[in-house]
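Next come two complexes, and both contain chain A; in the first it sits with chain B, in the second with chain C.
This part shows the complex of A and B:
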């Protein structure tokens, strides 16, 4: 077999393994719940005084039982669970928004999350690395050192704390309203997208303002080291213009930074969850919050599944793309 | 960078003394001070609600009538305990897995490294939130830490694996080995100074990771909400519309204390690391 194909297969297998283990954990979690989710759901529907007749409840109960296969042995239940998630993509109804399915709710929120996170990770990556190179090459040492001190001081602080502080600042000092309202229906795709961007503005601001430190610090260190490399010194002695030397330094020190870009994108579900919730941005984080507030276990497990798939895929893409960007890295067995 | 080699000089450095005193001050405030409080600060309406900071209520009160001066140390204590337990558990697992993988045969290594990869890629935060939410009635503060530790050991294990597998091929290790130094002496004298640095970095890194996860999960409400932690305090502040009502101190005070704790811990780590690094370089470099 061609070594390249072997490598790709290996990586793909690892991604599948991750997804499978994630699903198994979800299954164990859902079966070890200290209560029966289906019963809980139905008792809640009844106690809320919903206008369901006994027959409808019976039908629903049967549906749930069938979906979870609760009347079958545990191995069969497990296989049904795997089949439902991986092949048919059926995750069962959301408890809170019955009868909408969990998949549908997540699918609706997904474009919002992806837009926000793609924008946030690309912008903060560019900002961090751009400033990093400039700080390494500038003559204004004081400014760049202060910037570095700020970045290093902010880096260890958990993002949640920074986001909450920003929210307090935003609402109490700037006195700006926190946007609310969810999806707009019936608009054209372009209008929808513009609306999305407008809503994404402040969450994006938070993610970028607190997102560039890591890129900045490592880029500055890399560029400083790169400046001492032989080939840079050589072209400097040759009399190459400053601009092309800068470009050369940038081009060569950007490569390792690519990891953080792709890994940043894989945080679709993790990095921005909190920001989405804090700023009422209708993405996955918002859905997760309403799932928790409404004890919607199905929806939670669905989100967990999507998060696992997203990170597994992003890691796979990173592994496959890396040798393309950095010619010094070779696939195993490649010349 | 100027390195300090003498222990006394190092201890008296202001950049070490200042974070150290902040750190110890926070520990006293959060671990010893709550012992002297007669009431449970988590209870409601033992103080007048929604007062701004004043001489009587130093940090103000919440709109549930809790005195933040008494509430914050308790919250901080619980958060610190969670993060510390998580760090201990995760470092124990990471170190055993990492070193076993580095020192054992290829089959064991491949299995352990694949496991580590899987743990690295699993999305920790959503998983933790689901676990905490489902078992919130059974959670205790140390248990929260243990669960976090069981999930957060992936990246440290990777790092330990690569450190140990590169360290055991260094020349000075071979020199010791071929000079007939006993294995335990090699471990104590050659490995330990290097590994101690990483142990400290791992502990501090995992602690800040666990603090972040605790706060995030609590803000979402996926936590045992009756327990007072920094995260749940922020959650209740947002739940009762502290921002809308202008009760900034309810959010700001816990956040400020948490940030002070994390930063002092981090700066301490950096300073100790510089010192150890300088020592290691002089002695073994």
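This part shows the complex of A and C:
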């Protein structure tokens, strides 16, 4: 077999293994929760004033457990779970929104999260790295040092604090409107997407405004060091115009930054509860939070499944793409 | 006698360093250096580490980037088409476009690490054409390239390799090929063979020498290694603490070194059959921030006299092409 094909297969198998381990850990964690969906359902009924006798409660609980598939031994539940995910692709019904399937709920919420967070991570990465390389190369040292001070000062502040301050500043001090809009029922996919983008615009702005620090600080350091590298100095002595030298510095220092981009993108699948809560944005973070609160095993595992697959895939993509962008990294057997 | 093609008059410069953003310190690395480079000759610049050799090379090449500062002096270059240009009057953009690589090129220190790790060898050559806006036909360049590489005894597959796939010696040869690409009239080689073993060193030096003899270009060779100078040079200039202390024909200098520093340098060489222990020169090279008054060599000089501690020695001309900067000879005149 060609060594490259062998390598890709190996990496793909490894990714599958990682997904399996991730699923198993998620499964174990879900069953370790100190309450289950049936208990929660009944306690809610009782608290709403339903007068149920102890026996009725017992019967009801048994029925619910049977309905949710939680009455079977744990090992059988695990095997069914594995069969569902690895073979049939079913995720089972959501407990909290019974009998809607978990997949349907995720399918509704996930595009929102992906749209917002994908744009946010790509744009922050581009902005951070772009400004970073410019700051390292500019002659206006003062400006770039001030930018760096700002970035270092803001970087450790939790996003929650920054985002709330921004909201207060934007809405109460600047008195600017926060774009929002009513839900358009029965719209086409394109209309839906445009609507989604409109809703995403404001949280996106906040995410980008506070999201470029990391990329900026590391890119500036990388590019500053790259500027002193022997091969850059040599190109300068060869008579390379400034533009070529800048391009070369950028091309060579962007390589390690690529990892943070791809791993950042893989993180969009868990959503961000904080952002969705602060900006009232209907994403997957909300769904995950409510799934945990309701012990909605199937829904919770469904979301974690996407996150696991995304991370495993991102790692696989990085492994396969790095040799293409950096010739010093080679596939095994490639010589 | 051969024509002068590069004349340096009273070059003076060094590094301006700010400590804590306020206190200015000037490292006086090149002090009042005058030298000429003739057509079709090898001029060696010898001296220990930190004596200002590389700084002098940078100043001549025109790569004046802070903290390097040129305080005075002038450099005249006779170009290929017969004009005289004063290099230090040109802007760096003009020097970059018209002088670098076309009239004068540079073989850098640790030349095995100066290739862009992400570019194939052929692209590194093509880039140099692009930097100078040269018209080129890719196929012709490739053919030309294979010729150059085979003359450096490199296999033709090298053009498709990345730098990390080559050995250190191969990379050095590629860099030499790059530097000689446009057949410049002057090549400044700054310690071109420091990082390799003596066998590779000899191969590389022979390649440079062969190229120079064929092209009738001039080479300015900077090295701390006196044996390299003995092998390569026509004339040699010895540098100590920013001063040129002695200039002369390489045979004369090695046969009869005049300056006490040159004498110590040459005595330190290993000779065939000689079993005596080499004597070192006591002391350290001086601090270039506060150089000693008078002759900069006097604290280490076995012949130091009173006048050496007070006054800077003049450049004494002794016969054809021989200069020495030492009070020992000034009195004889």
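Definition applied: the second predicted complex is superposed on the first by the 248 of 335 C-alpha atoms of A that agree within 3 Å, B and C clash if a C-alpha of one lies under 4 Å from a C-alpha of the other, contacts with A are read in each partner's own complex, and residues count from 1 in each chain.
In this text, a contact is a pair of C-beta atoms (placed from the backbone, for glycine too) under 8 Å apart; a residue touches a chain by one contact, two chains touch by 3 or more.
It should be emphasised that the depicted structure is a prediction, and the values quoted were computed from it without experimental measurement.
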- Between chain B (first) and chain C (second), which does A:273 come into contact with in this model arrangement: first, second, both, or neither? first
- Message: Taking the superposition on A as described, I'd like to know which of chain B and chain C A:43 touches: first, second, both or neither.
- Response: neither
- Message: For A:288, using the defined touch cut-off, is the partner it touches chain B, chain C, both, or neither? Pick first, second, both or neither.
- Response: first
- Message: In the superposed model, which partner reaches more residues of chain A, chain B or chain C?
- Response: B
- Query: When the two structures are overlaid on chain A, which partner does A:157 contact: first (chain B), second (chain C), both, or neither?
  - Reply: first
- Task: Could you say whether A:252 touches chain B, chain C, both of them, or neither, answering first, second, both or neither?
- Result: second
- Message: I'd like to know which partner A:24 touches here: chain B for first, chain C for second, both or neither.
- Response: neither
- Touched partner set for A:168, first chain B, second chain C, both or neither: first
- Residues of chain A at both interfaces, chain B in one complex, chain C in the other: none
- Message: With touch defined as at the start, can you tell me which chain C residues reach chain A in the complex?
- Response: 61, 63, 96-97, 100-101, 106, 108, 110, 113-118, 120, 127-128, 130-132, 162, 164, 175, 178
- Mind pulling up the chain B residues that touch chain A in the complex? 114, 117-118, 121-127, 129-131, 133-135, 137-138, 204, 208-209, 211-212, 215-216, 219-222, 231, 234, 243-244, 246, 248, 251-252, 255, 258-259, 262-263, 265-266
- Task: Please name which positions on chain A make contact with chain B in the complex.
- Result: 14, 17-18, 21-22, 25-26, 29, 32-34, 153, 156-161, 164-165, 167-168, 171-172, 269-270, 273-274, 277-278, 288-289, 292-293, 297, 300-301, 303-304, 307-308, 310-312, 315
- Task: Name, in rising order, each residue of chain A that touches chain C in their complex.
- Result: 230-231, 233-241, 244, 248, 251-252, 326-328
